[in-house]
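Labels A, B, C and D are assigned to the chains in the order they are written; within every chain, residues are numbered from 1.
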Amino acid sequence: MAPEREPLGALQQDAARHRDEWGIEFSRIVAFSDGVFAIAITLLVLTIEIPENSHDLTRVLDNQIGDFFAYALSFAVLGKLWLAHHRFFSALARFDPILMGINLVYLAFVALVPFTSELLGDYSNQSIAVIFYAASMFAVSITFTIQIVYSYRADLVKPEMRDLERRMAGPSNLIVAGLFLASIPVAAIAPSVAPFMWIGVFLTGRRVADRVAALRA
Amino acid sequence: MAPEREPLGALQQDAARHRDEWGIEFSRIVAFSDGVFAIAITLLVLTIEIPENSHDLTRVLDNQIGDFFAYALSFAVLGKLWLAHHRFFSALARFDPILMGINLVYLAFVALVPFTSELLGDYSNQSIAVIFYAASMFAVSITFTIQIVYSYRADLVKPEMRDLERRMAGPSNLIVAGLFLASIPVAAIAPSVAPFMWIGVFLTGRRVADRVAALRA
Amino acid sequence: MAPEREPLGALQQDAARHRDEWGIEFSRIVAFSDGVFAIAITLLVLTIEIPENSHDLTRVLDNQIGDFFAYALSFAVLGKLWLAHHRFFSALARFDPILMGINLVYLAFVALVPFTSELLGDYSNQSIAVIFYAASMFAVSITFTIQIVYSYRADLVKPEMRDLERRMAGPSNLIVAGLFLASIPVAAIAPSVAPFMWIGVFLTGRRVADRVAALRA
Amino acid sequence: MAPEREPLGALQQDAARHRDEWGIEFSRIVAFSDGVFAIAITLLVLTIEIPENSHDLTRVLDNQIGDFFAYALSFAVLGKLWLAHHRFFSALARFDPILMGINLVYLAFVALVPFTSELLGDYSNQSIAVIFYAASMFAVSITFTIQIVYSYRADLVKPEMRDLERRMAGPSNLIVAGLFLASIPVAAIAPSVAPFMWIGVFLTGRRVADRVAALRA
């Protein structure tokens, strides 16, 4: 499948591997990424605290409305990010070690969300918790953007998907990253306002991407 | 595989993708759903508390009979729901973004079960805990019903499976949803009675589905 | 693939599905089982407690030698059981709903191991903890034996594997189940002796299976 | 596929199975390993503690800089080790029971990392915590080296990959193992110095492997 037993072997190995040829390898990376997403999203449930020996459970659960909100928000954001990752990886024709490295950094921020989400649920009235949450989500979306940009530059995207994905993945994801970045200074001043900005994440989608594409054209 | 490089691209992308053509994509969604189920079902074990520095472990474990019951019940219910999800997804010919969205909401309720199960195990004598449990299970089964109904309307089900699944998945699942819904007012009055109603979930199956089909015919 | 659109459809659906025809379904069940095993085995790490604000960490870790022993033992036993499950499922030609049901009960006991393992690590000097551990491992191995026996009766095993597996999986697994069962009364009297019996689990293998086969022949 | 129904059956079963023939089996082992890695790497997030009812969250988070460092370090090391495992398993033509056994021991040490990582994050100033961390990482890398060496001896590696992998996997991994081993005595004397040695892990790669190969030639 490739010239072996010659000193230059390492080069070939690092060369971008074609997705079909190396189907098992590609699917392992994809499965690993999906696994981290599935685990992180399911660990979110551990962020909802259960009081011990409480006599008035109703009132206690009332006080944990912040935990439920953080659970729902983080599940929705991680779900949306996973769908985007899912769609983008299906557009890849190949992968290379650098993309795998960026993907690992990206996953490190994804796996951090149960922590920042618990912080948000417990301390939504303190700026630092809201800033942490926004920063971690910004880190997830910006490392995803880096993956997209790199994949185009390194020519890893399927030719027939290039135009479609460029219009979809790129701008839509940059808007998500921008929203979380913009919410950081807002959170520093008014921590209760920032979460409302994040709702915008779910409004970015095809329509916005289409409008951006129309403007470009 | 589809007309690219034209402004209408997004439309084609959203069009329901055929299962065989997009086998890798479909299996990723299925694997992600299975992953969330497997993690949630295995996290249930964390809901059984282990007392620290106990001198009379036997008596302590005795008091945790509620935790064991909640573990067994939740494992059985999640197991049954997973089998239903498993069977239904094998009847799908295609999927589309809306089905993926509903599936994510469904998974958000599945992933919540370790929380509601722990609540039930610790506070089975308080109405609110039992109501929470019943409500979360109702949410899981009703979002599954919505997936089934939508899949039929959007014509995503394999033609040869339509009749079979309509008779199986639909009614059987609605009965499960109905049982959990009906147990909510019961739990409000008599929290210790509601769990007995849930046993009915395991009695719904082929026989009930066949009887419903017979009545229809 | 099967007669559809006729009232008897449900029968065909329940009929044992051939592994190759229903490859995706089979692999989902296998993947789900593997997932529960992988999660349970990795959750074992949470059973090793980390003391907070300890000034003399060395002495504290010394006291947790029981936790390390329980981790190593449970990892080894679950690993061995997974290998056996792995090998047995590769010998199946088909599966049916009853086997799936038994498999779920089996997995419920597998997923319980992180709990019984933590109990053992923390209370290895109390009979009840050792009995719980032995009982949970007995439950895992006996439900596996039931899976094996049922698969043979329901003719789900590949013809070319029947003899091989009968000699391997059956007796070897029964010995494991027997060892854990026999250790329960021992644990009731001398909790510190029972764990030594469990080491026998790792001595059962090909040699024992061959001797049993030789005796039979 | 193999002579059955004869007393020697067990022998054939244990004989190294060809990867393509036993594709499903091989991929299950690979998926199981990936699962343990994905779960362990995602459980790392649970090592970052969240203070309860803190009025000055900023200061509290400041004190947890050690937790964040341990998270980043462990994620990076596990990520790098997974990539190496991933690449090496793609070079295997076959597997056998012994390799599966070594792989399980290897995974037991991988799954232990969330514990040693939490220890490091909480007690980075105590030698014993740093030694534990270095020892667990040494155990992971040395059991991986044993897998590599065994696979070559048992002729399980694809012929066309032998030279390439021998130059890559072997030396690079031995250097990683050596670095962690060497850091143990350092940690005993100066616990704050050892972590700096670990950064060297990320500098070993192609370049070092190429230099080693050049020296050999």
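Here are some notes:
Just so we're on the same page, contacts are C-beta pairs under 8 Å (C-beta built on N, C-alpha and C of every residue); 3 or more make two chains touch, one makes a residue touch a chain.
Here the structure is a predicted model, which means the values were calculated and not measured.
Shared contact partners of subunit C and subunit D do not exist in this assembly. To overlay subunit A on subunit D by their CA atoms, one rotates by 90 degrees, a value rounded to a multiple of 5. Taking the mean Cα position of each chain as its centre, D sits at the greatest distance from subunit B. Subunit A and subunit B touch with mostly distinct residues; of the residue numbers seen at this interface, under half occur in both copies. Mean C-alpha positions place subunit B and subunit C at a centre distance of 25 Å. Here the CA centre of subunit B is 36 Å from the CA centre of subunit D. For subunit A, the set of residues that touch two or more other chains comprises 31, 35, 39, 43, 46. In terms of which chains touch, the assembly is arranged as a closed ring, every chain touching its two neighbours and no others. Pairs of chains that satisfy the touch definition comprise A-B, A-D, B-C, C-D.
Per the touch definition, subunit C reaches subunit D in the complex via residues 27, 30-31, 34-35, 37-39, 41-46, 48, 50, 52, 54, 57-58, 61, 71-72, 75-76, 79, 82-83, 86, 90, 160-161, 163-164, 167-168, 206, 209-210, 213, 217. The touching residues of subunit B, when paired with subunit A in their complex, are 1-2, 4-5, 7, 9-10, 13-14, 22, 24-25, 28-29, 31-32, 35-36, 39-40, 43, 46, 97, 100, 104, 107-108, 111-115, 118-119, 122-123, 126, 128-129, 132.
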